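Consider the two complexes below, in which chain A is the common component and chain B and chain C are the respective partners.
Entry: the complex of A and B
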């Protein structure tokens, strides 16, 4: 019994609290967004998403937030956390070193409500760069073999294939901040993912798609996309390689 | 419209505090580019004073011989050196030079394009701009 109570005491003494400030905004009837504050207790391992779900469970179930996998895989839970775009499920409260945590909807995306933003344009630009292998034959024909690829060839694009379409890169990008027609780092990195794939033959058609006034030339290599990407995609690298083709640095 | 799209706007574009030295360089490049453009226009206007003959020319040149004029020219030196050195770095980067090699990503995923080569390029541009500016100030105020 003594042991149990000492464990309980220890837990009570390690339980810390922070103030979670959540941006609330419903475009249908609000003129501007307001912050609501909640005191949330957390452990060393508590994520920002868990803290938001705690608020929904115990304080205000109407907070709008999108999430699914809770493990940095589905790309749903991107938001501004203390001013920077991050995945809420992949950010621990303890690593933020702050007693106040402010969560807001991702910049450069239209707000649906509170923390949930619209992804239509992200998916549109992603589709625009033809995110699939382009070639005349297909491995689905009955007597055809699969397209072979060496581990070395795989390494040329595998990091770019890690993209989970979370949109953090588009939210950090300084061009996206002022130009909503810009194709954006997410789609450009995916254009490179297919161009760099040894099985793909669609390089010329993809270069044509991104070589336009709101295309690749609006990238200034500020690198903020790569600094916020939670999956190590490094969009800035792919974009500069793509531009290398267009400028004749690479062939 | 801006509110509907929830764009971060010019304030967010120009905020250099959140995304490392690369974003600072991006911001300085824009500022120095626009500053040089303004100087270029002013410079054409200033040199056109030669059309007013030697007196007009000398009159205008005296503007640059004041303390404010010296500081203004020192700023032009700083912008010019930073913009040129960083411009060479950016042009190489834009061609895919020195931006790292693709690899299997490993946690904690340090982005290879934000590497020491480009960081050295940025810090060299800032350092050379500072040295050139101090040299310029020494020459102008040392007269």
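Entry: the complex of A and C
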């Protein structure tokens, strides 16, 4: 019995709490967003998403947040955490080293409600760069053979294939903040992903799509996109490689 | 014009300007700064044909580079079909205007009309 109570005591003493500030905003009723504060307890492994879900479960179920996989795979839970765009399911409270954690909707995305934002622009720009292999033949027609690729050919684009379309890069990009027609780092990185794929034959059409007044040239090398990507994609590097094609340094 | 062509011109004019402005600064170092701005010396510069040609080139390079840069800034500031057309043609007109006015000064001085 004594042992049980000492375990309980130890647990109580290691249970820490933080203040979670959640931005609340409903464009239909509110003029501006305001913050609501909640005290949440956390363990070493508790993520920001878990803390928000804890608030929904125990304090206010009306907090709007989008999530699904809880393992940095679906790309749903991007938000501003203490001022930086991050995945809530991939950010532990303990790693933030702060007693106050502020969560806000991602910058450069229109707000649906609270932390949930609209992804239409990201999906549109992504679709615009033709995110699929383009070639005259298809796998079905060509003697049912796969399109073989050497490890070296794979290396050319594989890191860009890790993109989960979370939009953190677009949210960090300064050009996205003012240029509502800018194609954005996410779509540009994907344009490079397909252009650099040895199986793809759509290079010219993709380069043409991004070579316009709100295309690739509106990137000014800030590099914030690469800094915030949770999947190790380096959109800024992809953009420089694409520029290489357009300036004639690469073929 | 394709945006990549415009940007090649933008980077090209910047590089060429670095070289020519360097020569320009070296030429200016041949005398003191205040002396350099004296009326007779300025006139003499414009009358020295190779130097006048170089000044004219710098004028063209930096007008093209600067006004295209301004176009880029304005295009990113606000969007809209009519606004963007106005910005593009406005910057082009201002570029031509500045080059024309600067060239007029250089040519008239060179020919001794001032």
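Quick note on the criterion: the second predicted complex is superposed on the first by the 250 of 251 C-alpha atoms of A that agree within 3 Å, B and C clash if a C-alpha of one lies under 4 Å from a C-alpha of the other, contacts with A are read in each partner's own complex, and residues count from 1 in each chain.
Convention: contacts are C-beta pairs under 8 Å (C-beta built on N, C-alpha and C of every residue); 3 or more make two chains touch, one makes a residue touch a chain.
What you are looking at is a predicted structure, and each value in this text was computed from that prediction instead of being measured.
Asker: If you stack the two complexes on chain A, which partner ends up touching A:180: first (chain B), second (chain C), both, or neither?
Answerer: In the superposition, A:180 contacts both chain B and chain C.
Asker: State whether A:35 touches chain B only (first), chain C only (second), both chains, or neither.
Answerer: A:35 sits against neither chain B nor chain C.
Asker: With both structures fitted on chain A, tell me whether chain B or chain C touches more of chain A's residues.
Answerer: Touching more of chain A: B.
Asker: Touch test for A:218: chain B only (first), chain C only (second), both, or neither?
Answerer: A:218 contacts chain C only, not chain B.
Asker: Per the contact definition in the header, classify A:229: touching chain B only (first), chain C only (second), both, or neither.
Answerer: first
Asker: Which partner chains sit in contact with A:240 here, chain B, chain C, both or neither? Use first/second/both/neither.
Answerer: The first partner, chain B, only.
Asker: Considering each complex separately, which residues of chain A are in contact with chain B in the first and with chain C in the second?
Answerer: The answer is residues 175, 178, 180, 247 of chain A.
Asker: If you look only at chain C, which of its residues touch chain A in the complex?
Answerer: 2-4, 6-8, 11, 72, 75-77, 79, 84
Asker: Across the complex, what residues on chain A touch chain C?
Answerer: Those in contact with chain C are residues 175, 178-182, 211-215, 217-218, 246-247.
Asker: Can you name the residues of chain A that touch chain B in the complex?
Answerer: 27, 83-84, 105, 107-111, 117, 155-160, 162, 171-172, 174-178, 180, 196, 220-224, 226-234, 236-238, 240-241, 243-244, 247, 249-250
Asker: Considering only the defined contacts, which chain B positions touch chain A in the complex?
Answerer: 4-10, 12-14, 18-20, 22-23, 25-26, 29-30, 90, 93-97, 99-100, 102-107, 109, 111-114
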